[in-house]
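Going by the order they are written in, the chains are A, B, C, D, E and F; count residues from 1 in each one.
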Amino acid sequence: MSNKAVLLSNSGKPYINLSLRDRTGQVECRVWDRADEIAKRFERDDIVEVSGSAIQYQGRIQLKVHDVRRAEGEADLADFLPVTRKGIEPLWEELQALVKGIADRDLSRLLRRVFPDPPKTETARRFRQAPGGKSMHHDYIGGLLEHTVSVAAICRFLAGHYEKVDADMLLSGALLHDIGKVGELSYEGAFEYTDEGRLLGHLYMGAEWVAAECARIEGFPADKAMLLKHMILSHHGELEYGSPKRPKTLEAVLLHFVENMDSKANAFLEAMEDLREGAIWTDYQRMFERYLFAGKKK
Amino acid sequence: MSNKAVLLSNSGKPYINLSLRDRTGQVECRVWDRADEIAKRFERDDIVEVSGSAIQYQGRIQLKVHDVRRAEGEADLADFLPVTRKGIEPLWEELQALVKGIADRDLSRLLRRVFPDPPKTETARRFRQAPGGKSMHHDYIGGLLEHTVSVAAICRFLAGHYEKVDADMLLSGALLHDIGKVGELSYEGAFEYTDEGRLLGHLYMGAEWVAAECARIEGFPADKAMLLKHMILSHHGELEYGSPKRPKTLEAVLLHFVENMDSKANAFLEAMEDLREGAIWTDYQRMFERYLFAGKKK
Amino acid sequence: MSNKAVLLSNSGKPYINLSLRDRTGQVECRVWDRADEIAKRFERDDIVEVSGSAIQYQGRIQLKVHDVRRAEGEADLADFLPVTRKGIEPLWEELQALVKGIADRDLSRLLRRVFPDPPKTETARRFRQAPGGKSMHHDYIGGLLEHTVSVAAICRFLAGHYEKVDADMLLSGALLHDIGKVGELSYEGAFEYTDEGRLLGHLYMGAEWVAAECARIEGFPADKAMLLKHMILSHHGELEYGSPKRPKTLEAVLLHFVENMDSKANAFLEAMEDLREGAIWTDYQRMFERYLFAGKKK
Amino acid sequence: MSNKAVLLSNSGKPYINLSLRDRTGQVECRVWDRADEIAKRFERDDIVEVSGSAIQYQGRIQLKVHDVRRAEGEADLADFLPVTRKGIEPLWEELQALVKGIADRDLSRLLRRVFPDPPKTETARRFRQAPGGKSMHHDYIGGLLEHTVSVAAICRFLAGHYEKVDADMLLSGALLHDIGKVGELSYEGAFEYTDEGRLLGHLYMGAEWVAAECARIEGFPADKAMLLKHMILSHHGELEYGSPKRPKTLEAVLLHFVENMDSKANAFLEAMEDLREGAIWTDYQRMFERYLFAGKKK
Amino acid sequence: MSNKAVLLSNSGKPYINLSLRDRTGQVECRVWDRADEIAKRFERDDIVEVSGSAIQYQGRIQLKVHDVRRAEGEADLADFLPVTRKGIEPLWEELQALVKGIADRDLSRLLRRVFPDPPKTETARRFRQAPGGKSMHHDYIGGLLEHTVSVAAICRFLAGHYEKVDADMLLSGALLHDIGKVGELSYEGAFEYTDEGRLLGHLYMGAEWVAAECARIEGFPADKAMLLKHMILSHHGELEYGSPKRPKTLEAVLLHFVENMDSKANAFLEAMEDLREGAIWTDYQRMFERYLFAGKKK
Amino acid sequence: MSNKAVLLSNSGKPYINLSLRDRTGQVECRVWDRADEIAKRFERDDIVEVSGSAIQYQGRIQLKVHDVRRAEGEADLADFLPVTRKGIEPLWEELQALVKGIADRDLSRLLRRVFPDPPKTETARRFRQAPGGKSMHHDYIGGLLEHTVSVAAICRFLAGHYEKVDADMLLSGALLHDIGKVGELSYEGAFEYTDEGRLLGHLYMGAEWVAAECARIEGFPADKAMLLKHMILSHHGELEYGSPKRPKTLEAVLLHFVENMDSKANAFLEAMEDLREGAIWTDYQRMFERYLFAGKKK
């Protein structure tokens, strides 16, 4: 359940507004009877069982709920939160293939350490589950993994397309650029920022974390650590988007563009999924600050 | 010759400042003797023959010129202006291969008309020669062709990478996006904006030109013309960069990112070419508004 | 009807929210009974007949609607949409007088072709009906005509006020500057942007259309067409307001200021019309991003 | 003399750079001999007599000066500073006619007091001489008067063009809007800001001055004083242009547009005056942040 | 009562939404019965007596109101509006101590005139009552006094901390910087801007008022008046925040920072007061455009 | 020597432009004779011995240099670079007193570790020498120490002035906020950014360094480390000034204001030091983007 509010109806009677969410999407619900009693049984972000009947209004389902109770036993989060359509396992395999493509010995050691196969570390396990964002793009379980793999695959192509690119550095930066999101967002229940996420942000958290990992690898060259941290810190491209430094290496410049493009492309594709029946324009997209043209269906 | 100025020395004697340019680069010159007489022999942007001796100061050559005269007969511009290192013929062949990859019958007809092989139209001939910009990026003969081919090749990759992309539309937009530059810049001599270029700009000029070409193809669908024009007009991405509309289709969004990235990547690579002896940071880059890190040479 | 929404009341019963609009203004309505049945009878933007009773709350009328049915036969749109208070015929005559004042032979031919009297072309007919905007200013039938005539009349004055102004060019630009709005907005029913309007915009559409008209006039000088297109493209004054080029001719500079001032003056006067009983300050005006002072009534 | 600098030539010998200015324009000069001795004779902004010979370089005159001495006796400033081409007397008469057109008794009393005919007050005398700006527009003796009359004449036209305009208030605001410039700029010698001009600015100074004048007129209505002060304070239109409040009355909105347009039109016309021989584009105009198109001469 | 709205419930029955406010805070109320009758008895901003019963929802009290009637006799505003927790009298004494610390004879005379003790002038009386703002910071009775004293105390510290500060000038500017708010806001009932406040603003009003006060003191030096007015006009720091001039004296620079910091610190402390039960983050703060971290309670 | 350039005089003869700098200031020099030979003897940023004669032009000294040679033996940098007028030792003592005032046991341990007395660590030694900036403010040896002490002293005052401030946290943040500058700037010779300084910046470097220090203190609480890092990262106040997060705690908000004010106050005082003879306005100040008013000398 991603939202819960007890309200007072105009006749002075309390009722509950709920948003229920599972992996297929989200639905608005209202509990009209015994609201006070039922409201005490659960909290926001709990996994719940619900009985009720559906009504359709204006092309959207609304649920009139009769009863709600907390789910017993261990429920699998992935059953109740939206999950990447591409599958966590296939994406993980693709990521492993990208890691294996890194020839530079130092970077290869670092990446194998961060992304061990099987994913036995806490970070690796969380990395596979984490969403790519709170609401803007890749906002589903496995979204961070999907985004990372997509960015890295495009970067691999560009390393061959342009001259003078340090392919291993670009690919490593692509794979690590959002690692800080593992700690910036909590996703047990709804996606929320952690205190550290709000006060420090995933750019800083990622760079600090990479600094600490590099320090644990004996003989890891200082300049490679510096270039990786630069790529992480600068990947938002401009100061006003939260990067404390703008990209100043060729690899950082390319990563910024690819990262930005992939976020926007994903958001565009998601908006096309949400298209209203018969519409050729999406609803207003806050991320783009515009309506998007989905085009005529054939 | 890309610059000419007659100045008065402190001792009250006139001298001439020249910038000479050929395909390998540019050099500053000074004519100390007979400045008034020599100055009358030629104009800025003329092709000239020069005799003189070179002095090296601070890692840069300066030429002390004894005599200057206008070149006689027909000189080949490409001998005197910087030219793409990738070669116009190989790039043209790559462009033809990209055009051949377009399956949509309407778009294919349009593209073959715009880029006939051999390049028998005035537009096609100018398109092969034109620079990609006045000074910011791809500012050499064949630069527009090089930029177009690079953008289109990346777009072709992305059409396979992302779902739901209209590959033919994206590729067509990529190939046509800067066609207006054929008329925005003159490049007989130094690169300069035309009156039309300054008053209307290459976005408008390109879209209007595509509109006219589509109108000449019987039965060309209005919505495809509209989508192409949208891609051309919106490829600068934001109003403040001169696009009267921001990208609103998936193809326009992708094209904008690729186009921007390719301009920046080319400018970065050019800045690395100009690196001073022993430097690891470039001079200040106006396009990036920052210094760029070229990295340690191995 | 400019808005229709079926909602669920707190007691779980559906009701309908409507906005009805005729030439005198707009009123909010609610259908409490038989909402499902009634909702099926009509769509948004239909012309409808309504029975109900009015209630006044907080100085605004609200309608409690008993029944709604679609209007039969051909209804005249102008009866149901707000229309310019100045009258379409008087404005058209004023426009014709302005056109007759153009001495330059080329421009005169162009303008007579665009605005034939009587208005026998589709463009001329639509130009007389079109609103000047969706909601910001001149948002009523005939608004485009009213705005155009007002701008042109001020420009005629300025052509006499300042030296060195090309009076015919300024007047022609004023008369043509918003011609693209004929295709940018649809006004059958509520005012809405067309697909082309959203993807290309009225600046581009107007310039392309003028380009095509000029091409159809034998011997129309290229530089005059270029200057006209520049005025149309630059009349928003700044890139961030959607002009791909800023004004660079004296006539374009003047047109921009007059056009902007006339839009704002109209919006100010409309806001004064909407003043609440007894108020001396208007409601918050989004176009101005401020409250406006209407002043004390005598 | 508007500029004076003693410099050291490369051979270690001092020389003087001067800018001489009279009503027809400005010329660069150099004193090569006896620089130290000559430099002591005069200060920047002095009126001087000069002997020397002219050299022409690149279409501009440069003066090689042999001797300089301070002018003796009383020289008339207007002989040495650029002056409005329209003549101070004709402009003053036009202003008096505008003042006479004000019907409102309170405003009429105020305006006759501020602009007495003949101009017997210090303020009126300075108002007739003051430049309209330091360098951007109307930067010549009488420029403030010329600008004021032009703005007021356009406002008088607009008062008839639009409904609901308080014509007397608009005209009064137009005539008073830049009155603070009388104290913001000094123009004895080169145009310079006064301390008060830099610390308080002409918007504040004008409004405070009008407040004081109104206070001296018995029974002057407080709300009319408030509206006048609002017009003066808001005439730059936006906070970032130095207006502490944006225009919120119809008259203030119109005044802002007219005032801005007139400044730009004057700057455009001045730039056309300065056009280089044969050029159709002006030099880069800092006020417009662009090159302007002067067009082909017939 | 700071807000009153008669609304129509979904069942078509009118009810009243009220916001009641006293010095301890604000509470939302609803009148469900006899709404039409009760609504006629009072207006927004009246002082009222209310009977009803409280319900708690989501950690906030809501009042179900049975009856409302206007308060009879003279009620003390300070009983019903929020008041500074620091007490008006102690703050006034602190202000008097600060005034007494001014050694400069001119400034001392001015300040004693503006803030006489006891506060016998209308301005002094209003200054003690006025809020520091409408809603952003210090929005309670005595808020202006509290803010002024806080700013002045910090400035007194800084005058000792930094070299070359004119302590008397800095302190005088601090004490006078917001004097214009006395007339910008009305606070009889809810806090609202006056017409003059909206059209001229407290920066202008304060400077004009100080100018007039200085003019009434014989022999008050013009340059001290100018520096005081500069501090008042520039204390918002940037043009876009409504200062027509940016700070250009050391005292004005310091005052701007202190004034800004004190507003933000007060707003932060107020937001911490409003913290929801158990929360460690505040609600979204419009003034800061972010959520604030209140930290863990021990 | 802070600058060295070999140029070609108009007569074709090479000469050298030098800027010599010692603790008292900077002077421009020219070497006219034997330039080629002399130029080979030294590099930019070397400490040199110079013989020559001084000439005064326009209130500034210029040096005509006869000979230059590199200084032999170990020269003390502090003799040749400008140094804080307040003395490094007194400032260090003041800092130690501030550190001793921290009561919180964790923070006290951290601060004593970072600033050991005597300064036996490399960091502490560099911290005492480092400039506060490259050119904007506190750009002299000991400037970082002076700035830190000044900011911390003001913060200590504010901790007593405002309620609810965590005094120890605020003081610790003040003392550590610029610790990253120890590695961002090199000051052996002229002040220059290091590679790490340009690619990562002192905000990131300081936070990472504090993170590492905290990690070395057993049992250092994670939330205190987080709050310290937040203060360091956010002290520039806005994203566009390079802070990846804006201040979200009361202590971070206060620190940001004090830090900004102290930088500006120092820059203002430095500009007053550089005042030209007789001037009351400073030269244009790039940091303020304005001229500053130094006021009349008594």
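General observations
Here, a contact is a pair of C-beta atoms (placed from the backbone, for glycine too) under 8 Å apart; a residue touches a chain by one contact, two chains touch by 3 or more.
Keep in mind it's a predicted model, so treat the numbers as computed, not measured.
Note on connectivity: the fewest steps through touching chains from chain A to chain D is 2. For A-F, the equivalent interface within B-F, C-E or D-E is the one where over half of the contact pairs agree by residue number, namely D-E. Its C-alpha atoms fitted onto chain F, chain B is found rotated by 120°, rounded in steps of 5. Chain centres here are Cα means. That of chain A falls 43 Å from that of chain C.
The mean-CA centres of chain A and chain B are about 39 angstrom from one another, to the nearest whole unit.
Multi-chain contact residues of chain E (touching two or more other chains): 10-11, 195, 198-199, 223, 248-249, 291, 293. Contact between chains, per the stated criterion, is found for A-B, A-C, A-E, A-F, B-C, B-D, B-F, C-D, C-E, D-E, D-F, E-F. Listed in rising order, the residues of chain B touching chain A in the complex are 150, 153-154, 157-158, 161-164, 166, 223, 246, 248-250, 253-254, 257-258, 260-261, 264-265, 268-269, 272, 288, 290-293, 295-296.
Here chain D touches chain F in the complex through residues 5-8, 10-12, 14, 195, 198-199, going by the rule given at the top. Across the complex, chain C meets chain B through its residues 195-196, 198-201, 203-204, 207-208, 211, 226-227, 229-230, 233, 239-245, 248-249. Put simply, chain D touches chain B in their complex at residues 9-11, 15, 32, 55, 57-58, 62, 64, 280-281, 291, 293.
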